[in-house]
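We just call them A, B, C and D in the order they show up, numbering each chain from 1.
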Amino acid sequence: MFNEFGKIIKLTTFGESHGTAIGGIVDGFPAGLPVDLEAVQKELDRRKPGQSKIVTQRKEDDKVEFFSGLLEGKTTGQSIGFLIPNTNQKSKDYEHNVQVFRPSHADFTYTQKYGIRDHRGGGRTSARETANWVVGGALCKQLIPEIKIQAYVSSIGEIQLNKHYTELDLSQVESNIVRCPEAPTAEKMIDLVSRIKKEGDTIGGTVTCVVQNMPIGLGEPIFDKLSARLAQAMMGINAAKGFEIGSGFDGTRCRGSEHNDIFIEGGKTLTNHSGGIQGGISNGMDVVFKVAFKPVATIMKEQSTINERGEASTIHGRGRHDPCVVPRAVPIVEALTAMVLADFTLLNKLRKI
Amino acid sequence: MFNEFGKIIKLTTFGESHGTAIGGIVDGFPAGLPVDLEAVQKELDRRKPGQSKIVTQRKEDDKVEFFSGLLEGKTTGQSIGFLIPNTNQKSKDYEHNVQVFRPSHADFTYTQKYGIRDHRGGGRTSARETANWVVGGALCKQLIPEIKIQAYVSSIGEIQLNKHYTELDLSQVESNIVRCPEAPTAEKMIDLVSRIKKEGDTIGGTVTCVVQNMPIGLGEPIFDKLSARLAQAMMGINAAKGFEIGSGFDGTRCRGSEHNDIFIEGGKTLTNHSGGIQGGISNGMDVVFKVAFKPVATIMKEQSTINERGEASTIHGRGRHDPCVVPRAVPIVEALTAMVLADFTLLNKLRKI
Amino acid sequence: MFNEFGKIIKLTTFGESHGTAIGGIVDGFPAGLPVDLEAVQKELDRRKPGQSKIVTQRKEDDKVEFFSGLLEGKTTGQSIGFLIPNTNQKSKDYEHNVQVFRPSHADFTYTQKYGIRDHRGGGRTSARETANWVVGGALCKQLIPEIKIQAYVSSIGEIQLNKHYTELDLSQVESNIVRCPEAPTAEKMIDLVSRIKKEGDTIGGTVTCVVQNMPIGLGEPIFDKLSARLAQAMMGINAAKGFEIGSGFDGTRCRGSEHNDIFIEGGKTLTNHSGGIQGGISNGMDVVFKVAFKPVATIMKEQSTINERGEASTIHGRGRHDPCVVPRAVPIVEALTAMVLADFTLLNKLRKI
Amino acid sequence: MFNEFGKIIKLTTFGESHGTAIGGIVDGFPAGLPVDLEAVQKELDRRKPGQSKIVTQRKEDDKVEFFSGLLEGKTTGQSIGFLIPNTNQKSKDYEHNVQVFRPSHADFTYTQKYGIRDHRGGGRTSARETANWVVGGALCKQLIPEIKIQAYVSSIGEIQLNKHYTELDLSQVESNIVRCPEAPTAEKMIDLVSRIKKEGDTIGGTVTCVVQNMPIGLGEPIFDKLSARLAQAMMGINAAKGFEIGSGFDGTRCRGSEHNDIFIEGGKTLTNHSGGIQGGISNGMDVVFKVAFKPVATIMKEQSTINERGEASTIHGRGRHDPCVVPRAVPIVEALTAMVLADFTLLNKLRKI
């Protein structure tokens, strides 16, 4: 109900940033799939803190341990339990948060909702949870190897990557620490984040995700449209504030006669304003969507706020936080996309007799 | 799995545009709520076709009949079954669609997915389904009467309503046929849609939704964040292509120091870039989000396409279609919002002992 | 949550015995299945009241109307909505129940749980709801035509059918009104029910269900074992008080060395004490289980009870009630079995890559 | 879908008997409940192997570790992750099972269903999984402290405890190793199991469960009746073959006039043939049900069987297995009962406005 994602392949998770471990269960995975555990770890390494100078300097090894559901390198069809130990939970850095609420952070809402404040730090609200998703997504990617999912940073602050993905070499995403496939723009982004970091501030940005080699027919009508499930998944990422698919908000200014994607022989379309989805179901064209991330709430500057008694106070962030989460969001966006697509791929086996 | 929405209060629906009726079941509603059935019908009237010159001239009475779950004007706690007869299904208008695929329409994807073409018309892909949602939403609205949900048209094509909702008189939304609360902008929008209609074309737009009097604590952490559920709901509406909450895509260009919403005494915040949601959970400020709708696919102009055998062909729309769905989307956005909020309101009763 | 059954193929229902109609939605059915609607109606006729002298003389036509999900005799993969009008709801017969609680009836628990008394009659607690299940089951039967499901009455009161199903001619179940496949025992049962009816009393009994031509592998480990899902389904039938599979309660007196089913070549077993299920999963042998039904609570005799104010009172049943529900339970047991097996058959397509 | 139980409070589990650990996630638990972790461990100790001479001599410490959802002795409202390391997985004992199928064991069905044989031993089919349930149940018990759940062994083989629970001192259940509250019968049972064990054989039995201090109104109509959920839960226990509630199979021989439970002032009933449930909903009387367990399949005797190639073979059990699982089933029955009741208790908060 509360900590699970997926219909057939379901990921259920647990864990707080300052506990001893986080982890989860992947349920519903079919038997007989050879699993490359190194590939799973590699995805975790793409997400982990401390990997470059523009992300948080907190060090976590993020080594995943699997307990079940695998035998001699293959899935057994049983639920897959895993754990990621928290090796570097420094509760002390966060001690000053015991009494004041961090502006734009979930401190306040969690305390109000549950009547309990996790004084150790972010607790369940921490983006550390996304490591669990990366494990789930990395397994799901291996179930749909023919589908190619590639996300990249398309803007940070005012710096936009002003090229369509078809003009980019997506194999270059991992060639720089900001995960923008075009080198000159990447450099500008890295400079901006470095500057922001020095200022003790944070900055937002967008991630674009491209899914190539899509089968036709993924997605369910009505409430579980492919676009709707992707939106739910992406808006679940910490700091996500917007989602658009295909022409998105720009498309609202178009006329039907210019926006419609004309079918050509073979069932492909001349344009792809639809972003690969029509009526909620994939049409075989590339699925293209964009996610907006606001700047991280925790800044190294003094801010006004209130304390737990509702009294005016100030806060000055300390600890090791990301000046910009967008580069680290890239593998997370891919992981969630893989989970959604793997789930719909299995469901689709049941839609025709 | 496929045609249901909600966790505790669940709406399950059925029905095709050219069948004899559509309908649904609202399950999980608590007992003892006095229900105003006229208010439900009134919401349906806001959505129905034929209500003004700028929407489709198809006439449907959209009278809802309830079969269960109500006794002497109150809910009984049992599932609520309802039907909306299709009084005006003209299959003939659509006959020319038997063989060709309508560009950017779900014809193609449904035929591929299910191996079956509903030659009678849009079938399950039709926005007629949204009448079911309006029934569900109208019931849910009555469960959370203290929360005020008001959507409005904030742009059509290039015509933008360039005012923040706090500068608008939201009571004026229903004062004009385009559902834009500012009269001069509304007039421009009506002119534009009328012109587009004459051209046989269609146009997109955006709907903004404002939720006032929000309780603190609605939404669940991780995958069922309030923002994530709203996004899923909105992206399930026919023609929806984008969703943003609070600062949305604009917020990606901000720094944390300017974007953070500073708490003031009483737990309110000075600004509301968060759109009323922090960590996926409502913070008591107004929830504000925007939905992007692409132009309707069916246009009264000739377009190239392919037929069911994959051969090149042309199509020229006929029938009675909306030149712009955005005004009719307003009650739909509100209905889905009500369903999400009512569901989370009930769930929230279970989060503390 | 509350009124639905199934994982992939989900039946959601609504309706009270004294409303204008009951109905439901079958969701998750694959596209392309030719559906024999007469076969559905025939199953309803097996369940309907008034079909013989030993069941209630209430007359209901129980004609099902389908609204969606079917096109030219085939399923479309969309949700299937249906309605069964209540043609003979005589609220008057029940008027005396407004104030007193019927012993062993759900009157009391519903009133306590929901704070509302449906003075019109049984409301949602009525076995009329099982007509909805028969529709769902009749559709599911057509999805798994190779599996043969046959239930029969194996005891009424003290009269037991003392033969193993392999000694019986199961094609004779419908040859008599009590649905016991052995004529001499059937006659005794009919005599007993007729006598009980004259006395204004009621009597319990058991239904045995045999599933032949079972595929291997249906059922899920842990909480959704085939045996567990069948038990849940059967214990949901009105008046059900017990369930056993294979050797059941008798098997508790056995030693492992006599109870174990020895495998023989081809994977069959010499005996079938397991009732076709090992570890919760079908092993290809016949699935055999038995359901216990208590006597119907409503009797035509005076009984002591209390009224809604908790005061001592008496009640004397009137109206048209079944002296014994067991013969009419036969098609219901079959319908639920079909739903469980169809659901697991679809799920099973996903358990191996 | 496959490894989860519960609606609001959901337990999802993983783990094989011969892996390094089993574990699970309890999701949906409300915040603010003080948790007695020793009480959880104590329940595990009641279930663990090696606790007496009449159960398996396999030694497992069964120490549970919690990773999340708890802070300073209280639940936080977040998902509760836990692990139970397997300290004594001796794969060698089971090596001879690599090639032959154990009669009446899930070896065969799992191998057929998943296409994979877990040569290490029982894998996911092992009753070791029930340790996870005991953790979930022990937490749930603490959520409903007012409800008193007590199970006991009511028969082993032919030895029956021929007294109604009201004539027994249920506080004596733990006073002997067979968990039968009446000393003379307990001794006979212990003797029987000891004899059976020496013979290398196994024996079945029944567990009766009594729930006192029940609130009125637990259970949902239609498919999630309290009786139906209990039946599903119990039939999910390894070796369970039957379930009956209240009068059960005996009640099928009764007439309504003798079976009906007459209401007396205050809403109690004179008799309790209903077993505390009417119309699927608790009526405030004690809930009483019985579960039938067949003899354990693994015996220390030679049996005929087939191997994985379908060829005739023999098997002679080795290793450390239970001659009778019934005494160890007592805490498992209680745990599942607690989970069902806690779940319905939370749901019930939502059924009236």
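Basically, a residue touches a chain if its C-beta (ideal position, glycine included) is under 8 Å from a C-beta of that chain, and two chains touch if they have at least 3 such contacts.
In UniProt terms, the chains line up like this: A, B, C, D = Chorismate synthase.
Remember, it's a predicted structure, so these values are computed and weren't measured experimentally.
The two sequence copies chain A (Chorismate synthase) and chain B (Chorismate synthase) touch through a face in which the numbers common to both exceed half of the numbers used overall.
Averaging Cα atoms per chain gives one point for each, and the point farthest from that of chain B (Chorismate synthase) is the centre of D.
Centre-to-centre separation of chain B (Chorismate synthase) and chain C (Chorismate synthase), using mean CA positions: 40 Å. With centres defined as mean CA coordinates, chain B (Chorismate synthase) is found 26 Å away from chain A (Chorismate synthase). Centres computed as Cα averages put chain B (Chorismate synthase) at a distance of 47 Å from chain D (Chorismate synthase).
For chain A (Chorismate synthase), residues that reach two or more other chains under the stated contact definition are 1-4, 7-8, 13, 28, 31-32, 77-78, 113-115, 124, 221, 351-352. By the touch criterion stated above, chain B (Chorismate synthase) contacts chain C (Chorismate synthase) in their complex at residues 1-4, 7-8, 10, 12-16, 19-25, 27-28, 31-32, 67-69, 71, 74, 76-81, 83, 113-116, 118, 120, 123-124.
Residues 1-5, 7, 13, 101, 103-106, 108-110, 112-115, 124-125, 129, 155, 157-158, 196, 201-206, 216-217, 219-225, 227-236, 238, 240-249, 251-257, 259-267, 269, 273-275, 277-284, 292-299, 301, 303-306, 310-312, 347-348, 351-352 of chain B (Chorismate synthase) touch chain A (Chorismate synthase) in their complex. By the touch criterion given at the top, residues 8, 28, 30-33, 75, 77-78, 143, 221, 346, 349-353 of chain D (Chorismate synthase) touch chain B (Chorismate synthase) in their complex.
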